[in-house]
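We call the chains A, B, C, D, E and F, going by the order they appear; numbering starts again at 1 in every chain.
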Amino acid sequence: MDFLQTGLANLIEPGFNALIFSLFGMGLVFSGLVVIGLYIIFLPKLLNLFQKRSRKKTEPATPATPDTKHEILLAIATALHLQSNFPDENERLTWKSHGDLESPWLVSKRMHALAQRKSQSSPWRQG
Amino acid sequence: MEYNNFLHNSGLYHLEWTNMVMIMVGVLFIYLAVTKDYEPLLLVPIGFGMVVGNIPPIPGMPLSVYAEGSVFSYIYMGVMKGIYPPLIFLGIGAMTDFSTLLSNPKLTLLGAAAQIGVFLTFLGALFLGFAKTDAAAISIIGGADGPTAIFLSSMLAPDLLGPIAIAAYSYMALVPVIQPPVMYLLTTKAERRIRMKAPRQVSKREKIIFPIVAFLICALLAPGSMTLLGMLFFGNLLKESMVTERLANTARNGLIDTVTILLGFSVGASTQAQTFLTPQSLLIFGLGAAAFVIATMGGILFAKCMNLFLKDKINPLLGAAGVSAVPDSARVVHMVGLKSDPTNFLLMHAMAPNVAGVIGSAIAAGVLWSALGNF
Amino acid sequence: MEYNNFLHNSGLYHLEWTNMVMIMVGVLFIYLAVTKDYEPLLLVPIGFGMVVGNIPPIPGMPLSVYAEGSVFSYIYMGVMKGIYPPLIFLGIGAMTDFSTLLSNPKLTLLGAAAQIGVFLTFLGALFLGFAKTDAAAISIIGGADGPTAIFLSSMLAPDLLGPIAIAAYSYMALVPVIQPPVMYLLTTKAERRIRMKAPRQVSKREKIIFPIVAFLICALLAPGSMTLLGMLFFGNLLKESMVTERLANTARNGLIDTVTILLGFSVGASTQAQTFLTPQSLLIFGLGAAAFVIATMGGILFAKCMNLFLKDKINPLLGAAGVSAVPDSARVVHMVGLKSDPTNFLLMHAMAPNVAGVIGSAIAAGVLWSALGNF
Amino acid sequence: MDFLQTGLANLIEPGFNALIFSLFGMGLVFSGLVVIGLYIIFLPKLLNLFQKRSRKKTEPATPATPDTKHEILLAIATALHLQSNFPDENERLTWKSHGDLESPWLVSKRMHALAQRKSQSSPWRQG
Amino acid sequence: MEYNNFLHNSGLYHLEWTNMVMIMVGVLFIYLAVTKDYEPLLLVPIGFGMVVGNIPPIPGMPLSVYAEGSVFSYIYMGVMKGIYPPLIFLGIGAMTDFSTLLSNPKLTLLGAAAQIGVFLTFLGALFLGFAKTDAAAISIIGGADGPTAIFLSSMLAPDLLGPIAIAAYSYMALVPVIQPPVMYLLTTKAERRIRMKAPRQVSKREKIIFPIVAFLICALLAPGSMTLLGMLFFGNLLKESMVTERLANTARNGLIDTVTILLGFSVGASTQAQTFLTPQSLLIFGLGAAAFVIATMGGILFAKCMNLFLKDKINPLLGAAGVSAVPDSARVVHMVGLKSDPTNFLLMHAMAPNVAGVIGSAIAAGVLWSALGNF
Amino acid sequence: MDFLQTGLANLIEPGFNALIFSLFGMGLVFSGLVVIGLYIIFLPKLLNLFQKRSRKKTEPATPATPDTKHEILLAIATALHLQSNFPDENERLTWKSHGDLESPWLVSKRMHALAQRKSQSSPWRQG
């Protein structure tokens, strides 16, 4: 590239209209993110639907007690073994799935509350 | 007598003032990173790389990133072949929490709106006389994602990779300087004080399914975004699936750090004054700045448009976070928000358009690559 | 008009139902990993890789693992050149404690016996009409070691690498489903209740010398196993020597994790429906299942044979651990043992045939490679 | 590979008898692991032999006291230095070799004992 | 009949006594590392590599580091292309604290003086009839820095890389054996008891600026040292800048460990008796020993010369630390110092010539490379 | 390379005098490290000069209080956010630069003192 010729003519050349091209491009970007947005909106409803159904099917879901006992013994044995042999592979111990205790939103709410209390009692505000 | 060569071979002998300028810029980058904390993880490697890359190499000796067989050229290969950016996206994916996006899906649109910066810059670059592929690579600076910019440049305009990468990372570092004026210009104090309502709780299951479905949507629409988004969402799945925590951990620590070191250093080292200091580079920096400003404006104005139709108003500052530059622009939104109302915490909410902006830019890059690439 | 290309270039346009099937299988892999905890470190990367690999790429565009110059092809190179498997073995070596084997050497034989699964499957594959090299690569699925299977396939039958790798990892994940019926079928309750006596203490010195001597024995007998076993025992030496703890630590964390991510993802991404869904693949899956069952049977029956001559009886369940699939089959042995006697802890004892099985399969792979390879 | 011809004929072709080949293969696998097994059996005996000999040679092995003192001072100095400069290279401090305190078998035995006590007092068993 | 090949293919069949010698040497390396703690992070990988590399490979089969397409050859590529040494220097830089040097700048001269070992060995190697490039590569053993030696050999004399690397690392491991006699010979007890005064405090700012300026000085004088010193000072900047701690951390842990494993193992595996056991190798080992002794003498005698002019006398033992072999020779200086005065702590002071010696050797390597390289 | 011819003649061949070459080489090594040494000697003086100047310019450097408050709130918010999302990127929190508290020389001095006290009261020395 040695010399650049500026001009609006560059935007429309035979077989390539840059304006329409850009519009199409923006359209694709928007459609991608709109579909993602729609998916996000409808997913929880879908999941709830499934959950209701599966709940009906598996009503007497109290796990068998002797099984649990074996499970615990197994877990202890495996934990001891894995800890001595594979000290860094602890996530393989995950026999049950984890809860969702530390959502950022819980943190967010707590922070909000804290900040408001703080700002009310702040000497700068009161004075 | 070969010891004559000592003098001829010394770098001092070949050092030009343009090299000295570039070395000073490199030092400036390091200075800004250390004292202002502007994107230090990128500016320090790039800055030192610029210092190294502007030592005049002995002609014929395999030293610079452009010399065949040199060590730096092997490191730079990961940039030229586009390998480092997807690996960085893997690590970013393993760091990113999409729950902000999941709990407030309408904010995704802000990440789309900010991509207007990409396409207007594309038109601007064409207007200035750049070839189509070069214009596309330059325009993606407006996506405000370093890896995306490097990836697209390596595919469409490898000759301009240096200036495009440096421009992208410089402006990402300067987001706290560039964005606030635009934000104040386009919003009223009342708008900046709009509070977002606390979003709903997101279940673990939604978080696990999201990367898979989001990937399918984006990749089926724009297969060219498959490489970057495949890795981004793969990393996120490793994080959210809970059963691959050790892989996610490596992806977001050792792996991304190693790649960041190699990418930053070799991109910096590719800025030899002799090839870097050209009128094109200057134009690229100008277009890049424009792209950032337009993208910020696009996001903010689109948010204000949305407010015309929405009951729960969106704080238009959040639109500025749509340019991504994760997580800097979200942090800037938060800070500007705090200036108007010290109890209005926008950081969490700003993360939603922020990550949506990453996806949006990757789609835009995929579209530009697939339409303009030379296959 | 190039924007016409947008539609033509979209993945939706080219998506075939076979791709959708493969995507569903990928999602199923992830589902099994997340909910059933079946080998998640492998099934999640492979599963997501299958999703990515079945997005129809734009023809000519460097996207898929098979397209020259694509990022995924560079990642896949580590699979095709056989580089990843030895690196994974290095990490496994740095994790493995051979003291169980050292304290009960006669259990090594169970790891040898289970390799009958390899050689009978080899005959079976020949019978079905596969070429010798293909048959050998398929048969090693019976070794129940993913890296060994990938290594041998990349050397002998690169075209079948995808189905062989997927079969090997699928069945390794399904070990808790496949093995118990065979175990119950071939053992009586009394046999399953046999207690192993607590083995002797192993000295540090024995542990340090072991990897060196064991490597020499295997490599001198079957030099073809040198690459895999060299790395396995090297990793183990790093662990046991006590003076290179930091190297062992990196080998069993950052290094193996990185390689696992790249290997799993790219193996998954190599399963494009267009090349993957063939009658051969179906046959390979059938042969693989047979191989696992035969190997399990071989181990158990050999243990029962040994009991005819031994004073201290071996619990024949331990034979099933000879197929390796470390550490899943050892865990299955332990669980089945607990079902018959809740205080009989077989896990430690099962690790001995388990690691012996890894060595046995690597020797078998070396033998097949050196005898059938095209040098 | 387009069409597969099944049949026992595939197993024996001129110059290659797959059955014998497989037998040889199994033989090699077995011989490898048998030799390893034999080595494992004989190594401890060999090591004991060596140890007895070397014990005789180095009987008055109480280390010189002033040396030890220097050693300790050196160790402290090095430790301080290395910790401040090379925080992650701690294994280089290993002046003496480590003991073998945490064998998996110790764990195994402890676990066994625990489990038996537990299962005897278990209400499910007693009831 | 191909099963005939089993015997022909076994390594035992091809094993020569020279291979057995090399295997024994490898085992000796591991033994010294484990029992004497001599540079275990290098001797264990190299030692095991020697064991692996001397298993006779099946002719034609891609097994050894020299066989095209073998896994070990891919790992060895990082040695042959000179990629590993700069990466190791990156990690060393991220570990090194230059504050000892900054607080006592006159000790830098000792690091320069010790390089006499390099240049006298160069003359010696020429005298013995080695070609210029080979002589240069051999002479750098006197620099007592493994990575520098490997880097220069890979550039100037790839055929001699094996013996040069092994000699360099062996003698580095043997520094506690080689140096003390020379130190006692050249110093009086009074000299060994000289106390260094506690040096001044170094500010954070000095530490941050140092790597940049020191790099510029060295690279402008000897651009050939750019690759090694660029990485060394880059790593140090990552450490000292305080804002890139996570990158420094990865550089001095996961990254350097991984490279150390691969470099040590493949250098070891390159020592096949057939190519390694030559008269040249013997000469190289002889020259290497001489180089270490001369370098030690050079440092000590130069320190004694300096004392003729200085008011605050330097403990001449510190001169021995100028050969680098970080941090072993500094530790040896400390120990010998303690023997003469149990309260004279020289370790900190010895680190200054120690790191200066690294810089000095890299400059020497750069000079030799740029003057003798075949461009 | 098959046979090596030894001899002083190897050191001087037409166009290449190895002795002079080596002298030049040593010279370059020395000049590199001498310049570094000189730089190290003069840098602190230069830095002091700068510091004095900049101190004069920025005398009333007490930071604005309301700004600080926002800074703190921002820091808390960011910390909470980053900790939940980017647990390993903590150095990005560095709002202010770190002090230089743990110089190796402090350690060195402390060690010296310790050692001397210890060696004075040592029974080996006293006895």
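Following the convention adopted for this analysis, contacts are C-beta pairs under 8 Å (C-beta built on N, C-alpha and C of every residue); 3 or more make two chains touch, one makes a residue touch a chain.
All values derive from a computational prediction rather than experimental measurement.
A.B. asks: With chain centres defined as mean CA positions, report which chain is farthest from subunit E.
C.D. replies: Most remote chain from subunit E, centroid-wise, comes out as A.
A.B. asks: Starting from the Cα centroid of subunit D, hunt down the chain whose centroid lies farthest away.
C.D. replies: Checked the centroid distances; the maximum from subunit D is B.
A.B. asks: Taking each chain's centre as the mean position of its Cα atoms, how many Å separate subunit C from subunit E?
C.D. replies: Distance between chain centres, rounded to whole Å: 39 Å.
A.B. asks: What whole-number Å value describes the gap between the mean CA coordinates of subunit A and subunit C?
C.D. replies: Centre separation, subunit A to subunit C: 32 Å.
A.B. asks: Hey, how far is the Cα centre of subunit C from the one of subunit F, in Å?
C.D. replies: 49
A.B. asks: Touching two or more other chains, which residues of subunit B qualify?
C.D. replies: In subunit B, the residues touching two or more other chains are 2-3, 6, 34, 37, 40-41, 97, 221-222, 242-244, 246, 253-254, 342, 345, 348, 367, 371.
A.B. asks: Multi-chain contacts in subunit F: which residues touch at least two other chains?
C.D. replies: 16, 21, 28, 69, 73, 77, 81, 84-85, 88-89, 94, 97, 104, 111, 115, in rising order.
A.B. asks: Write out the stretch or stretches of subunit E touching subunit F in their complex.
C.D. replies: 97, 99-103, 105-106, 108-109, 111-112, 115-116, 118-120, 122-123, 126-132, 134, 159, 198-206, 209-210, 213-214, 217-218, 221-222, 242-246, 279-280, 283, 342-343, 345, 348, 356, 359-360, 363-364, 367-368, 371
A.B. asks: Please give the residue numbers of subunit E that touch subunit B in the complex, ascending.
C.D. replies: 81-83, 86, 90, 208, 212, 215-216, 219-224, 226-227, 230, 233-234, 237-238, 241-244, 246-247, 249-251, 253-255, 367, 369-373, 375
A.B. asks: What does subunit A use to touch subunit B in their complex?
C.D. replies: Residue list for subunit A touching subunit B: 1, 3-8, 10-11, 16, 18-19, 21-22, 25-26, 28-41, 43-44, 47, 88-89, 91, 94, 97-100, 103-105, 108-109, 111-112, 115-116, 119.
A.B. asks: Using the touch rule from the top, collect the residues of subunit E that touch subunit C in their complex.
C.D. replies: Residues 2-3, 5-6, 9-12, 15, 23, 27, 30, 33-34, 37, 40-41, 44-45, 48-49, 51-52, 55-61, 63, 69-72, 74-75, 253-254, 257-258, 260-261, 265 of subunit E touch subunit C in their complex.
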